[in-house]
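Shared between the two complexes below is subunit A, which has subunit B as its partner in the first and subunit C in the second.
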Partner chain A sequence: MSDYRILNTRAPRVDAWDKVTGKAQYTDDLKRPGMLYGAILHSPIGHGKILNIDTSRAENLPGVKAVITWKDVGTQPYGVSPARYDETIFCFDKVRYVGDEIAAVAAIDPDIAREAVNLIRVDFEPLPLVLDPLHAMDEGQSQLHEMYDHNICAKVNWNFGDIEEGRSEAAILRTDSLSSKMQDGAFMEPQSILAEVDGADNLTMWSSTQAPHYIQRTIAMALNHPLHKVRVIKPAVGGGFGPKASCSTAELAICMLALKTRRPVKFTFDREQVFLHGRARHQFHHTMTTGIHRDGTLAFLEHKCILDGGAYASFGIATVYYAGSLLGGPYRLKNMKYDGYRVVTNKPACGAQRGHGAVIARALFEVQLDRLAEELGMDPVELRLKNVMEAGETTCNELFVSSFGMKEALEAVRDSAAWKRKRGELGQTRANGTGIGAACGFFVSGAGYPIYRSKTYHATVVIKLEEVGGGVTVFSGAADIGQGSDTVLAMITAEELGVELNDIRVESGDSSRSVDLGAYSSRTTLMAGHACREAAQDVKRQILQAVATRLEIPPESLEIKAGKVISLTGEIDFSEIRREFLQEHKGFMDTPEGPELTFREASRIAFLELGSVVGTGKYKPPPLGGSFKGATVGTSPAFGCSAQIAEVKVDLETGEVSVERITGAHDCGFAINRTQVEGQMQGSMMMGMGEALMEQKIFDSEGRILNRNLAEYKIPTSLDMPHLESIIVESNEPNGPYGAKEVGEGAIMPVIPSILNAIYDATGVRIDELPVTPERIVEALQKKKLENEL
Partner chain B sequence: MKKIISLTVNGKVVEVAVEPGRTLLELIRDDLNLPGTKLGCGLGDCGSCTVLMDGIPTFSCLTLAIQAEGCRIETVESLSQDGHLSKLQEKFIEKGAIQCGFCTPGMLMTSTELLRRNPGPDEHEIREAISGNLCRCTGYQKIVEAVQGHSEEGEK
Partner chain C sequence: MALPKFDVLCPDSLDEACDMLESHASEGIKILAGGTDLLVNIKLPVIAPRAYVLESSTSQLVSTHSEELWKDHSGPLAPPSPAYLLSLHRLRNELERIEELPDGSLLVGALTTARTLQMSELVRLKWAALAEGADALGSPLVRARGTLGGNICNARPAADLFVPSVALGAKLGVVSIHGYEVIDASEFALAPGKTRLQSGQILVEIVYPASPPGTGSAYYKLAQRKALDISVVGAGVRLTIDSLLKITSVSLALGAVGPTPIVAKTVIDVLLGKKLDDSTLKLAATAAASDATPIDDHRGSALYRKQMIEVLTRKILTTAYLRARRSL
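Right after this comes the complex of A and B.
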């Protein structure tokens, strides 16, 4: 299929053996001598002034080694976006959501630590709650932060093209709304942290994080600890999906406890704390007016969104921008207006989650396309095909798509799912309980800019040869959180060096190994992949140069293939080098044989010639984006795109939806690892299906989450999930390593709307509030029945 | 007051003193130093802590250590022998049934038990068996394929 030996295969994950034997170490599996255990005191109320904090009883509890509040750590603001540093490690003047952090304890065992936090007495003066995002901006509402007038944390007002011209030209236009509920990441591993300080004040923190680099910076900044003395190590991580990308109070507090006690301190969230901490998907309220020409081409989109961001900004500035910018593709759309408002409320802060900011916007827009197609009497897939962009085009908000298999992806799912046969007559909604729906998606392949303003490389990789010969170690800051980036780096290195996968060791996820901005915005394969390829080529050049010097031949005449150095210009006598190698290996049994020079010999000779052989690689995107405010969000060196067809059965009596089959196609540019690309697509399908049909955080009138466990916060089980068909589309991205681009997040984009469109086909009713629960379907069916009778 | 209990863990008889409130999961992870079994929720919702107790898949986070007195416990650490993976472990690797790996130990234990009592399960039987084990990464597809692949080829 391709000329590669290792890339584009189904190579097993490099961490698979550890993970099936139980030997993979997650943060909570780590132990250090003399380790203490942490606990955190959360606010029991949603909004209130702190009048007094009394920690004396906790301090006097035997076994307690430290109790800290804002008095110990100060009130240095921090956050994700430098323009919105609105968090402090601990609350000092007021609390803003049920779960806000007030104090932390370190004790000799976890039970004592938990008991101690319960002994801390806090007096509050309750303040009025702000819970409804649609009224958070109203006059007279309680203000959460002084810096956010009318509780508006961020707003975007964009106008691309000429919306009025688009409106005047449109043959049909319609306005629709869609709202969602706050989500939880529901990763299987609760956040866990272990921090330790040595005699020279070097602070090391192991954490189940997605972004060691940003966490390192935030710790140094918030704790005023020298940046070069903070090291963040990410052990195996049990999923992240976004919420683990931002630095948490828990991370900062545990570091502070380690600094204060000079002992290692460990702390792991219980599942309830995962829900309280949040930082997952925002709640969105979208309204869109879309106009279309008679021939089915798009005329304009006018879009307004209010996002419920919870109590703090977290990643939310990017979220409100992404919610608008990523509708620029995958269709040709000349005129687009977007007004986005992110408000703060007394709920856990929301942040990034797979498909950051863009999934509900995508869902509504794709629903609108289906509704417009119905009004036009056009097949919805045909309507989409009429509008899809091609490689080389630029969106109205100045996003350039350098590769784009959108048409191929849509045709692939259409044909694979037998769309035409199953869909039946054009524009005919069956409403007989069986439905099929299609949708497309569009997503960045790595954010074009870092979160803080900097000229930093986004990824660097260092590759070092074992001096003894044969082994290769890849050092990278990239964070494998389960998506498989370690395997991608190993495959690239093995391919470039012409060796086997099991000759490569990957040491990654460590802020001291190299710079990598982290596992977010679907960036790792493209960015760390580029850096890794460059580092491997650097190492290879040095090996061949060293061997060529010994042989007194030009290095260009040599190549490494399948673990052997070969000559491209006729036979070469390697016996001198072999003799030298053997002389150093008297007594060893695994001596090299055969006429060719092994990689082991060549890399040993390179050491003897050059000393330790180290190769480096780096990647930074070129300057991207337009000059308008917020133009950087949504920029990317490449864009992924995807299409999906969902088939559902709906019980018209009970409203219960069963997803029978999902067929998805994703353009990942080039599949470095085919199994892992499918894995990302299938995981996206599941997360999207959960959001469409079951997932929602339910709050009571005091701002407490009622369903803060995995029984009542429902995610799909193996019985809920249908057969998933995943089709890989490869478009050869010019800005990606080997043509590769993203799959991790983009694949979720079409999931929700394809299911919504299928439900409409099955029922004849549209639901404008997610999740689409059986109650909502029954209600809509009853309403429709009443209307028909009138 | 601690109580001394005796149980068999991965074929070895162990005697340990445990507090009455200590869970089987804490015993396994902290006292016996077998961290392969994971704590995902502590409420029996996610299945990450699944072990086999007298051959039956059991949420070790909901089981008190003292309830395991005299029982035979199998954890993920027992599946490979002398560095050789079980066929099911190999299939999990080959089919790509692993992403973050946090649910994997529990999935393996539940599936191991299924295959013992039903060597040739169909897709629905597999989905039913693992429905108490949540996975957020894979969409379950490749896990189902791994268990199916095992049953098609059988234990080597």
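Right after this comes the complex of A and C.
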């Protein structure tokens, strides 16, 4: 048990009541007087030159207030990474995927807006499609962007240590590959936007976003609107998982419509548009050669990856780096070579998604470890334990791990899942339909650098006391997208100020409240947590100073505990302050009683002494990482790690996989809220399970997504979910607030490989293409049977 | 979700429903039962602008708007939205029921929901394939609204209530202003989404033949997840055995392996007069596979489907045979 009153408990979420009673307001719930409705015209073809856009019929439709195309918004390029601004708000010369945005309409009701969009005529000269990422770089392929020679949007060539030396020393080496399909974030709430402009040109946009700060900057930049006159507010958000971290054409178009019509405009994606817009997980094609010494220690990794990025860069530069850099841990690996190529194709752009860039790479590497263990005749868990890093070590690509409960996590799942009893001798596979598999993971706890080059703080927090006394409001730009960051900020504030959780109000997700780079790269608890702690301590210092001044005692002799100011140096007479408070509150029925000074009285005194009491806190990581090209991606003030064991049953005739049990352990440093940490672990297990077994966007030969709805794009249902066991490992991270670090994304890292390794144990066959559908299993089993007969 | 404009008609009696169907037939009218398929099917797509192509010898042009000689490049057009939906919800007293008739057959009203079928002990005991079809359908929300009649009239080849109904030899009772007609479930579907139902006709009841001692049935759905999924292959069977455990009648239906649920006819000859041993099972499985002509689509390949017909045939025959023996 910890010494904390509030932290490390299972405190209920601060938004629980509103969410379960349906009171929580999501963007689509919002209405403004005189509000118009937006609609967007998407390209029906995958690749083509725009010859002509005729909006006249749409403009003449009664009820239409504005129709905008590139002619109205210009062709200022924008994007996520400043080095790859390759998008314009609307297409002007070319369309590059089915769904690419050409025009937008604002009308008095959604039906008219939609009808108007269908009245816009666009003529195209079709261009050859580039759909296969493995051939996108070939000579003679159609080029999507002038700026991307051979359709290569980004490439990475890294060499750490000496892989030739590693190769010469290795006793066993093997080469394997694994590919995946493009995915969707499958969050519950489709993107929704409401924009409004006031008489002073202040533009306010409410949006279902993960990153109000970046969206604010992109809007100001792309629309050439003063940055300080753009305010982005994130209402309640129903999940993000990455795709909502970048600014979308829809956000820019709706702001433009609001500026043009001077009326509020709202627009909500249909689920079909969520799929068309994309910005979710890339398609990966990994090939790895891993070498190992006879004793099971790793010798080297040679890794190549081709990423299908879809039509635009989005977050993809970071993605291609992450796909390589995060294999630096959690094992001691001296020699690592990585060649990554992100190509563009005529499909919806891909971006960040939980476990950014690293998930499929991790899956293949962990599969390789199992296969190497099998060749060595060694238990795969033992092989991993032999290689795991410890706190204080640095990876070959210069990532320093300041806390690291990898060994503890792996041992915890091994013992809790009764691995040794179930797995049998020396890791031999059973191929009898029952399987168990293990894997580990490694992830950043907040990206070390912002997306644009800047010395900006990553998070600031402002805490203000209610002048009337008793209440505390936390102002933060941090985006609670369902992961629970508001609750984390409230808990930290309550802990520091010694008050109850329900005395704290959190106003967050608003670019005008403070700076926060957003909910991505699993940063919020560590970064906003640091800032919040500092702000709360600042406020507390001021309260105690004010009370001490009144009582003419040193402030060090006072402390706030459980809502009461107590003296550390014997009894103090608070009666003068009490009398003053009672005088101010004649007729009030809830006046303070008892011998101790309440927080209410103390905070009122602070106001009377000091005026409004405001505390501020800030955080940015120290300079991190090596000096090689791309060294910044993968850096973090702390690293999370995780281990997992999956148990499956496979019907060897139909190929159906039933995941029976998942045991996971994650090192989150310190659990601010134990229930929320488990929630992130369990959400990761479900998401990873879907990615392993079901999820894929299926394209036809024209680049259209065939399964652009949640009936045909499959994620696990509750019936598919097995028993989940979540073990929290706490390694006390020195760079995290109270020792805390990430759990939001790291927990997904071991999910896919643990299931793949379990399926191998159950079937004796390896599937090198995700998702592992029943059909792929049957195919592999039959192939193996044929080979055995020959 | 954006829906097209339509009016909803709510008749209070079957007669009134038949009249309305007849009088609005020319404007386009669709029957609304649970709505779990219909409302999804008439939903407006976002990519409404279609791509029309003009091909000449020198160049190719594509446009979101059509002119003469331009070819629609966006695949089949969705059928025009109906002007009316005829909602049957006021006829539930009449059309939502499960009743064992004096001759031992089972009458199920067309508005009976999958949920009600699931909960019926009678159905589960004697017409297990239908109960298992209901178990496999959609999700709790879909099962609470989706009806047996709707599932059959929607005529998807994978329909989880339709396929077992065909296997169980169901007869469909249909009314119109011209009177009552009975159609065999096995002959009801003509193509995906198309049935023998004439304009003006309403499916009102489904009658399943009696389940005498020695009868057993089973349905198996092969899908990618355990709920809210469309089968890659579905298979249902009903069989009766005599006291010597020899099969005296059998009917096996397959889903998602042809344009409609299909009856595997070759299986009958293989099984009649036989006990179900390993070699018979194997022959029956091969026979069933030869009866189907599955295609490749994004849910599964034709080859996998063919193979799975064999596997599923073995599974359901084994289960149904066991149930038949238990009921002797």
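Throughout what follows, the second predicted complex is superposed on the first by the 790 of 790 C-alpha atoms of A that agree within 3 Å, B and C clash if a C-alpha of one lies under 4 Å from a C-alpha of the other, contacts with A are read in each partner's own complex, and residues count from 1 in each chain.
By definition in this document, a residue touches a chain if its C-beta (ideal position, glycine included) is under 8 Å from a C-beta of that chain, and two chains touch if they have at least 3 such contacts.
Please read these numbers as outputs of a predicted model, since none were measured by experiment.
Asks: Quick one: is A:Asn118 in contact with subunit B, with subunit C, with both, or with neither? Answer first, second, both or neither.
Replies: Second partner only.
Asks: Using the touch definition from the top, say if A:Arg13 reaches subunit B (first), subunit C (second), both or neither.
Replies: In the superposed model, A:Arg13 contacts subunit B only, not subunit C.
Asks: Could you tell me if A:Thr717 is touching subunit B, subunit C, both of them or neither one (first, second, both, neither)?
Replies: A:Thr717 sits against subunit B and subunit C alike.
Asks: I'd like to know which partner A:Thr675 touches here: subunit B for first, subunit C for second, both or neither.
Replies: It touches subunit B, and subunit C stays clear.
Asks: Based on the superposed arrangement, let me know which partner A:Ala200 touches: subunit B (first), subunit C (second), both, or neither?
Replies: A:Ala200: touches no partner chain.
Asks: Applying the document's definition of touch, where does A:Ile481 land relative to subunit B and subunit C: first, second, both, or neither?
Replies: In the superposition, A:Ile481 contacts subunit B only.
Asks: Let me test your reading of the model: by the given contact rule, A:Ile45 touches which partner, first (subunit B), second (subunit C), both or neither?
Replies: Second partner only.
Asks: Let me test your reading of the model: by the given contact rule, A:Leu786 touches which partner, first (subunit B), second (subunit C), both or neither?
Replies: neither
Asks: Would you check which partner chain A:Asp270 touches, where first means subunit B only, second means subunit C only, and both and neither mean what they say?
Replies: Both subunit B and subunit C are touched by A:Asp270.
Asks: Report, in rising order, the residues of subunit A that make contact with subunit B in one complex and with subunit C in the other.
Replies: Touching subunit B in the first complex and subunit C in the second, residues 270, 711, 716-719 of subunit A appear in both lists.
Asks: Report the residues of subunit A in contact with subunit C in the complex, numbered from low to high.
Replies: Residues in contact with subunit C: 41-42, 44-45, 48, 51, 98-99, 110-111, 114, 117-118, 120-126, 270, 272-273, 276, 653-654, 656, 693-694, 698, 704, 706-707, 711-712, 714, 716-720, 773-775, 778-779.
Asks: Which of the residues in subunit B end up touching subunit A in this complex?
Replies: 29, 34-43, 45-46, 48, 75-77, 79-80, 85, 89, 92-96, 98-105, 108, 126-128, 130-144
Asks: Report the residues of subunit C in contact with subunit A in the complex, numbered from low to high.
Replies: Where subunit C meets subunit A, its residues are 1-2, 40, 44-51, 53, 59-65, 74, 139, 222, 224-230, 232, 298, 300-301, 304, 307-308, 311-312, 315.
Asks: Where on subunit A is subunit B touching in the complex?
Replies: 10, 12-13, 15-26, 28-29, 185-190, 236-239, 241, 268, 270-271, 481-484, 675-676, 678-679, 682-687, 709-711, 715-719, 721, 723-724
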